[in-house]
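Some structures to go through are shown next.
Two complexes are shown next, each including chain A; its partner changes from chain B in the first to chain C in the second.
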Partner chain A sequence: MRKYLYIYKSELMSQLQYLFNLVFGFIGCGIILFIFFNLWHYIYSDSSQIINGYSVDQMIWYVIITEIIWGACMGRTLCRKISNDVRGGNIAYNINKPYNYIGYSLASHLGTATVKGIIYTVLALILGLVMMGNFPTTNVLELVLVLISSILAVVISSLFTIFIGLFSFFIEDSSPFYWLYSKFILVIGVIFPIEYFPNVVQPFLKFSPIYVVSYGPAKLFVNFNINDCISIFVAQFIYILVAYLLCSLVYKKGVRRLNVNGG
Partner chain B sequence: MNEEKAIRVKGLKKTFKIKLKEKGLIGSIKGMFKTKYKKINAVNDISFEVDKGEMIAFIGPNGAGKSTTIKMLTGILYPDQGEIEVMGIDPRRKRKQLAYEIGTVFGQKEQLWMHLTPYDNFKFFGAIYDLDERVVEKRINELVELFEISEFINTPVRNLSLGQRIRCEIAASLIHKPKILFLDEPTIGLDPVVKENIRTFIKRMNKEYKTTIFLTSHDVGDIEKLCKRIIIVNHGEIVLDDSMDNLKYHYLNKKIVEAKMKEKINLDDEEGITILKDKGYNLKIEVDTTKRTVGDAIKLLDPDKIVDINISNVPLENIISDIYKSGN
Partner chain C sequence: MLTVVKNQIKVTLLSIKYGLMRQMLNKTTFITNIIFMLLNNASFILQWVILYSLKDNIGGYTFKQVLLLWGFAAGTYGVSHFFFKRVFSLSDIINTGKLDASIIQPKNILLSVITSDVEASALGDLIYGYIMLFICDISISSFLLFTLFIICGGIIMTSIAIIYGSLAFWFNNTEMLADTGNSLMVNFATYPEGIFKGVVKTLFYTLIPIGFANYIPVQVLNDFNVFGLLAVLGVTTLILCMAIAIFYKGLKNYSSSNLMSARI
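Entry: the complex of A and B
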């Protein structure tokens, strides 16, 4: 475990070199939040109105939390890196080291996600407070549970990204699959809570990754409920286990097929 | 297993399946429906042994199969056939266990974290190899002294010169005291002075830690100055496995005579004498001393007309190049 903590720490130290880049990277996220602030206020003609169980403030805080998680675990670079490692043969230099490649990729990506997550959280919460002047919950225990759930969401999203990246062992380029996955999460999971979708679709969405990587932590933040909390945590742990097993399976099969020619 | 052997390889084979594509757009469209493959015997029945503490050069032209062999030795690739033992470990079955016994340096691929300092990198590699903090600190001090790194130990790797970086790469790969170090083109792109420094460090490391060195390089200087034994591979097969002294001895029967003449002289090839270069006043002749003497060559030139003369052995580079070309 110590080696993975070191990988995490090393990536964290590397990312700190780009602190200002990451702060500027938040500008895009800030613009989206500002747009949704105005959009939801336009949709909710009356601020006391409740639509699908959410007030206007809850809807905006929901988008703030999902945007923070999404910003922190953005996996395009990770997927491209794994894909390039596999196709270009660079993975060979990781194989002969005494660590697990999946553990290495995950620890390294979490190092990046931590720095981005802290910057996005601080800036997004300040922006949310300035825009709305309130905070959905100030209960420390609830906030801690939301934080843990958000961290688990980032871990699951990273594992899914690694899983998609590892498909490069079998197909030429796995980035189109990541594109599909990211758009699925972004369009359906980040912008709207599951309750906004037709009743017939909702059970499917509750079994989809959306429930554990975006909806769960955001829902707990805007409307904490202990039963939801337990089911979200259980689902997250199951997802972590399944995603890790899938990654290991694909990696094990893939490495046997690895052809690295040349010097 | 023989206790004295660091590496044992027997009947090693590896075949690659390469995708073929017919030329042009039509070829690309055809390829979408029917893919043709070509089999390439990258490594074809290779057997050799390396003693513990030996410094061996494993060389060959591009595409000869040397990198594939190294990758099989380090557990990166699975051989199709044959036996491998590296420090008594089968890389196919116990790749992770083997990782603790070996170190790798690839001159063309950085393994260090570019944004971190060499010190942080050494600490990182120490943790990767499960070393205790105190052991890592002690080891860092040893390596800093051995490779003279103290001056730039706290400079981010991205700001180091190539020579400094390679020194750090080698030092980092030694943090866990590997029994065998695989060096793949360690001096590529370095200037002659830095190359010489790196070679000195490698020699010192081999002497101090008795590390077995398995070197791949196209630089004849690396091979000549570091290794006592040479294995040449070509077309996936070993074409020569001999000591450096033997190799040179067999080729010592050829001498190179370079002469600067007072006036132009016309010479033709004769038995045992080959004109390599004729620029009128400057001549370069190869003499096969099993057939003719160097004196014969000088007589042909006419000693009274010679301004300057230099007699030398055939450079190792030419010997190796001849072996590559002849294939045996």
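Entry: the complex of A and C
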């Protein structure tokens, strides 16, 4: 475990050199938040209106939290990195090292995600305060639980992205599969809470990755409930286990097909 | 003069053709890229189905008009990223001295750089654009107008990318600025302008000209007016001229880095 912590720390220190880039990169996320601020204010005729159990402020805070998590995940970068490692043969330098490639990729990626997550959280919360002038919750314990749930969401999303990236062992470019995964999470999980979908679909969504990757932490932030909190944490731990097993399975099958031609 | 233009067009088309052939080397990946991009774009229909279940009219647009807006956004993106892919890495090309290879060629430098590669998935965007058009309106006139508008929109998007990319002639580390500027065009393009107010709306017709690339074309296609058409054509020409002028002005500041590399 110590070696992965060391990899995590090295990546974290390396990312601290590019703080300005990350702050600048928040502009894209800020634009999305601005668009949804306008969109939800257009949809809600007044601030007291409640749609599917959410007020306009709760909807905007929901999008802010899911966007922070999604921004910190940087799935496209991770998927491209793993895809390039496999296609370019770089993976050959990793498989003969005394660490597990999945663990290495996860630890390294989480180092980057930590720095980006902190910057995005600070800036997005400031933006949210400026746009709405209030916070859904100020209870420290609730905020800590939301933070832990958000971290677990990033871990799960990173493991799913590694899983998709490892498809490159079988097809040359796994990016298209990542597009589909990202749109599934983005359109269904990041923009709308599960309650916005028809009653028939809701139970399925509660068993899908959306529940643990985006809906869970955001729901806890806008409307904290201890029962929801427990079920979200249980689901997140199960998903971490399942996602890791899936990664290991694909990696084991894929690495047998690896053929590196010199370098 | 006419022969020079003819030759330049021939070289540019050949460059795009070879770029496409490179992408088609692995047919499975090529087709997967296109199909998945179609699915990727189509997934956003769900977002609008949910939003329109809450309100009949969003920002002055009906559901069909939003589909058409998506058609224009995808088509514009497709034209720009398929034919002029390398314009989106212009900053990097200038900063790393990769412009040398194009400068020594006896053809137009800017065209040579930006058409030297194609993006296969952008074909998926182009196809998606036409699917959205056919869902909203099937007629030869709308097909021709749509094609004209996405070419204009693609040129506007490419011109803006040339302007952002050319900043690298004067400043260092402009990649992030260029990326952010280009993503502004994409992010706003799929939302009805009516949901925005004040200064932001003005930006759509000035610094982020998606008004001319997307909003006016939707209006013209729904209710034809010649002024809208002329405005799009005029602004496209103006932005393109500005972009070319800025690029060649900046090129005078370019100095070779003596980069040695193999182009395969």
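Criterion: the second predicted complex is superposed on the first by the 262 of 263 C-alpha atoms of A that agree within 3 Å, B and C clash if a C-alpha of one lies under 4 Å from a C-alpha of the other, contacts with A are read in each partner's own complex, and residues count from 1 in each chain.
The rule is simple: a residue touches a chain if its C-beta (ideal position, glycine included) is under 8 Å from a C-beta of that chain, and two chains touch if they have at least 3 such contacts.
Here the structure is a predicted model, which is why all the values come from computation and not from measurement.
Asks: Would chain B and chain C fit next to each other on chain A once aligned, or clash?
Replies: By the criteria stated at the top, chain C and chain B fit after superposition, with no clash.
Asks: Contact-wise, after the overlay, does A:Val122 reach chain B, chain C, both or neither (first, second, both, neither)?
Replies: The answer is neither, since A:Val122 touches no partner chain.
Asks: In the overlay, answer first, second, both or neither for which of chain B and chain C A:Leu245 touches.
Replies: A:Leu245 contacts neither chain B nor chain C.
Asks: Look at A:Asn38 in the shared chain and tell me whether it touches chain B only, chain C only, both, or neither; answer first, second, both or neither.
Replies: The answer is second: A:Asn38 touches chain C but not chain B.
Asks: At the CA centre of chain A, how far apart in angle are the CA centres of chain B and chain C, to the nearest 10 degrees?
Replies: Placing chain A at the corner, the angle measures out to 80 degrees.
Asks: What is the contact status of A:Val144 with respect to chain B (first) and chain C (second): first, second, both, or neither?
Replies: Neither partner.
Asks: For A:Gln17, decide between first (touching chain B), second (touching chain C), both and neither.
Replies: The answer is first: A:Gln17 touches chain B but not chain C.
Asks: Regarding the shared-chain residue A:Val187, is it in contact with chain B (first), chain C (second), both, or neither?
Replies: Touch status of A:Val187: second partner only.
Asks: Check the residue A:Arg2 against both partner chains and state whether it touches chain B (first), chain C (second), both, or neither.
Replies: A:Arg2 contacts chain B only, not chain C.
Asks: Pick out the closest CA atoms of chain B and chain C after fitting on chain A and give their distance in Å.
Replies: The answer for the closest chain B-chain C C-alpha pair is 7 Å.
Asks: In the complex of these two chains, what residues of chain C are touching chain A?
Replies: 26, 28-29, 32-33, 35-37, 39-40, 43-44, 46-47, 50-51, 54-55, 58-59, 121, 176-177, 180, 183-184, 187-188, 191, 194-197, 200
Asks: Please name which positions on chain B make contact with chain A in the complex.
Replies: Residues 16-18, 42, 62-63, 66-68, 71, 74-78, 95-96, 98-100, 102, 104, 106, 108-109, 111, 113-116, 120, 123-124, 127-130, 184-185, 216.
Asks: Contact residues on chain A for chain C in the complex?
Replies: Touch residues, chain A against chain C: 21, 24-25, 27-28, 31-32, 35, 38-39, 42-43, 51, 171-173, 175-177, 179-180, 183-184, 187-188, 191-192, 196-197.
Asks: Of all residues in chain A, which touch chain B in the complex?
Replies: 2-3, 5-7, 10, 13-14, 17, 90, 92-93, 95-99, 256, 258-263
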